[in-house]
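Each of the two complexes below includes subunit A, the first together with subunit B, the second together with subunit C.
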Partner chain A sequence: MCKLIKYLYGLKQASRKWYEKLTSLLLAQGFKQANSDHSLFIKSSSSSFTILLVYVDDIILAGNSLDEFQNIKTILHNSFKIKDPGQLKYFLGLEVAHSKQGISLCQRKYCLDLLADSGFRNSKLVSTPSDPSIKLHNDSSPLYEDISSYRRLIGRLLYLNTTRPDIIFVTQQLSQFLTKPTQTHYTAAMRVLRYLKSCPGKGLFFPRDSTLKLLGFSDAD
Partner chain B sequence: MVSPVYFQFDHPYPSPSHFVVETPQLNARVERKHQHILNVARALLFQSHLPKQFWCYAVNHAVFLINRVSTPLLGHKTPYQLLYDSLPDIKLFKVFCSLCYASTIMSHRSKHDPRARKCCFLCYKSGFKGSVLFDLHSREIFISRNVIFHDHILPYPSSSKKNLEYFPSSSPQSSDSSIVTTVRHIIALASIHHWFIHQLYVNNAFLHGELQDNVYMQLPPGVKSSKPN
Partner chain C sequence: MDSRRSISGQCFFLGKTLISWHTKKQLTVSRSSSEAEYGALAAATCELQWLLYLIQDLQLTCIKPPIIYCDNQSAFHIAANPVFHERTKHLEIDCHLVREKLQAGVMKLLPITSQAQIAYFFTKSLLPQPFNVLLSKLGLVDIYQPPPCGRLLHNEEIGDDKSSSRDNLLPKLSS
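Presenting the complex of A and B:
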């Protein structure tokens, strides 16, 4: 037996303690914690505006002042030792590309990994995510034998929804049958994968010249 | 719900307590009365900030008030006056949902229990010599006769205040799905505002907290300690 003097990975309290320490450091530097998302910290002054987003040990810094960035990086480095790869490129499986026209976001690697894990390297492609002639419902056909793999697949599709609005509808449809997936549902999920294979690098693009307007849409009923 | 007192005297026929079937022309009078009662009841509810669930008490009190207010249709007399041939007791008029304190029942209380319950007045109930009250703490509705009224104080908080109390300002820790939502928002803002956007990794993040509790662990295999315990 030995007594611990510092936190170790795998210790129940470790993540909480880390978060507490980081939060108190940031608050002391004049950051304000956002109410809507506790991992978001905002610091604004007359000359600069800085946003800091934390996911465990990954941090995103966004803002209009590089001096402020340098200041925060120095403070964090003195307290914790940080790696500074510079411009945001890869965060939580999201690939970020910057250009003069805007910022694009995709999950190409995540999508290809998903296809590889499902054995879809050599399958045929389709151009739409679902077959319009098939309506999914709780049918009486035999249950799909590996329920947990179906659930895992839907979970990964849900995360892919982050940058793939084109599969949101079909994912929502498929996720209604997580308790009792049948062969029909599995076949429909496989079709989504074949669709994804045709365009794994599709994603979102945020153009620089768009305006900051909040638009709402609603259906007629 | 419709005031029986009013009907007996407002109608040209004596006491039409039963309507003839298939005579929709008689409905007009009912609908008109209904509108009058609901107009008063709505005014009571808005003034008191009571939630809509209390509509039945507001309607009840509205009928009580209408029956005791003079109307030009009855020669500036009140419906109550025409029915009972005496003036209504003005002392019974209380502000709907005003603050009042009802005495607690003597047999149910000990020496150190409160002597009164903080309530608001709702209405009178026919057949009872007492008023219907709403206990602001226990949210119980009961009838009491031993009441001290504080008219003009409306204890019920207005709805906007109540909403603020209901929704705490801090939401629980965000889940994974909302962090990617936040990331998307930041990237969209960064793109439009031409912000710089950098990322950092913290080395060995979980090793940084200071340990306050005593935690012991078994030595991992392969590690030799000079002290065996």
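Presenting the complex of A and C:
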């Protein structure tokens, strides 16, 4: 058994150590780790309210005090040498746009890249992502040869679900067949791409004057 | 479909913005549609509780108690009181989380007509017309493609916003 003296990038323990280091630094600055989401840190005082969201080594700051922003950025820079790209525009493939009305989130570039990689430049568009007359199941049609490309495609569709609730149902259906995809499943996946091509820029919109009323809808089928 | 298990779907709006959505094949086979609905309701309750914790952590307060809409009457009754013992005694115990949270006043459970049930979007493959109706209610925006003039006001049927959105519409029409 050996004791690790220095935590190098790529080691098994590195991520845990990074998390410990960042967390202890933030806690020392008066941030509180939220119980509902451990990558969310909150600092509130009578004059300011600052939120810090961490994804590995990418950090988003939000709040109402620019002084507090500057303060925490200096502290982070002194410890880790950070880069500050300014106002949030692009984060993990999500495009963020700000306007007076609100903030919009979309994955247009990710979606277009996905379409380009699948060779979808000149195909016909469809208005819905799935055909209701076709129920997907483990059918007897010939197996789709390139299993790994099917899996990769579904993986990318799953990531696209971050801002696209409209394809989540069909993605869920398609991901049931990752072990043995058949031609039918592949055709259905291609239909999703044809749907996406009709509206690659669709995304979520968060208006600034939103009311705090939580509504939920639940259904089973 | 091969496994005979149901699919639960849920979505949550904060104000008029969709903030959380989910589609998942349930873990167990259900013997009735109410059982499947009740299972979906339990999943939705867990998500709601987490959202409430998150809102609390962000030091915000909801103006009204949150509401979950469900279109299955018997799922309602199972949540309200321990009746139908014969038909519900085999339900997973964790599903009764719904009843507990209801009694604690964490949320309200309200019925909804099938036409207004947005969660259908997450459990069914739909024809273009209903698909587009529900899609417009989700409030997705394509900032690269401005909507054509005179589009539908989305979320008109959600909750009690009906009157307010009508009122908003009227002065615009007259001007």
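As a convention for this text, the second predicted complex is superposed on the first by the 210 of 221 C-alpha atoms of A that agree within 3 Å, B and C clash if a C-alpha of one lies under 4 Å from a C-alpha of the other, contacts with A are read in each partner's own complex, and residues count from 1 in each chain.
Rule of thumb we're sticking to: a residue touches a chain if its C-beta (ideal position, glycine included) is under 8 Å from a C-beta of that chain, and two chains touch if they have at least 3 such contacts.
Note that the coordinates shown come from a computational prediction; the quantities given were computed from them, not determined experimentally.
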| request: Figure out whether A:147 sits in contact with subunit B (first) or subunit C (second), or with both, or with neither. | output: neither
| Dominant contact partner of subunit A by residue count, subunit C or subunit B | B
| message | Quick one: is A:37 in contact with subunit B, with subunit C, with both, or with neither? Answer first, second, both or neither. | response | both
| task | Considering only touches as defined above, state whether A:51 meets subunit B (first), subunit C (second), both or neither. | result | both
| Does the superposition put A:190 against subunit B (first), subunit C (second), both, or neither? | neither
| message | Tell me the contact category for A:176 with respect to subunit B and subunit C: first, second, both or neither. | response | second
| said: So in the superposed three-chain picture, is A:6 touching just subunit B, just subunit C, both, or none of them (first/second/both/neither)? | reply: first
| query | Between subunit B (first) and subunit C (second), which does A:75 come into contact with in this model arrangement: first, second, both, or neither? | reply | neither
| task | Using the touch definition from the top, say if A:112 reaches subunit B (first), subunit C (second), both or neither. | result | neither
| said: Let me check the overlay on chain A: which residues of subunit A are in contact with subunit B and also with subunit C? | reply: 35-37, 40, 51, 204, 206-207, 210-212
| query | Which residues of subunit A touch subunit B in their complex? | reply | 1-9, 11, 13-18, 20-22, 35-40, 51, 53, 55-66, 69, 73, 76, 79-92, 94, 96, 98, 102-103, 105, 158-159, 162, 204, 206-208, 210-212
| remark: Residue positions on subunit B within touch of subunit A in the complex are 169-171, 173-174, 177-180, 182-184, 186-211, 213-219, 225, 229
| message | Taking the touch rule as given, give the residues of subunit C at its contact with subunit A in the complex, in rising order. | response | 1-2, 6-18, 21-26, 30, 33, 36-37, 39-41, 43-44, 47-48, 50-64, 66-72, 107, 112, 117-128, 131-132, 135, 138-145, 158-159
| note | Seen from subunit A, its contact residues with subunit C in the complex are 34-37, 40, 42, 44, 49, 51, 97, 104, 106, 108, 127-128, 130-132, 134-138, 164-166, 168-170, 172-173, 176, 199-207, 210-221
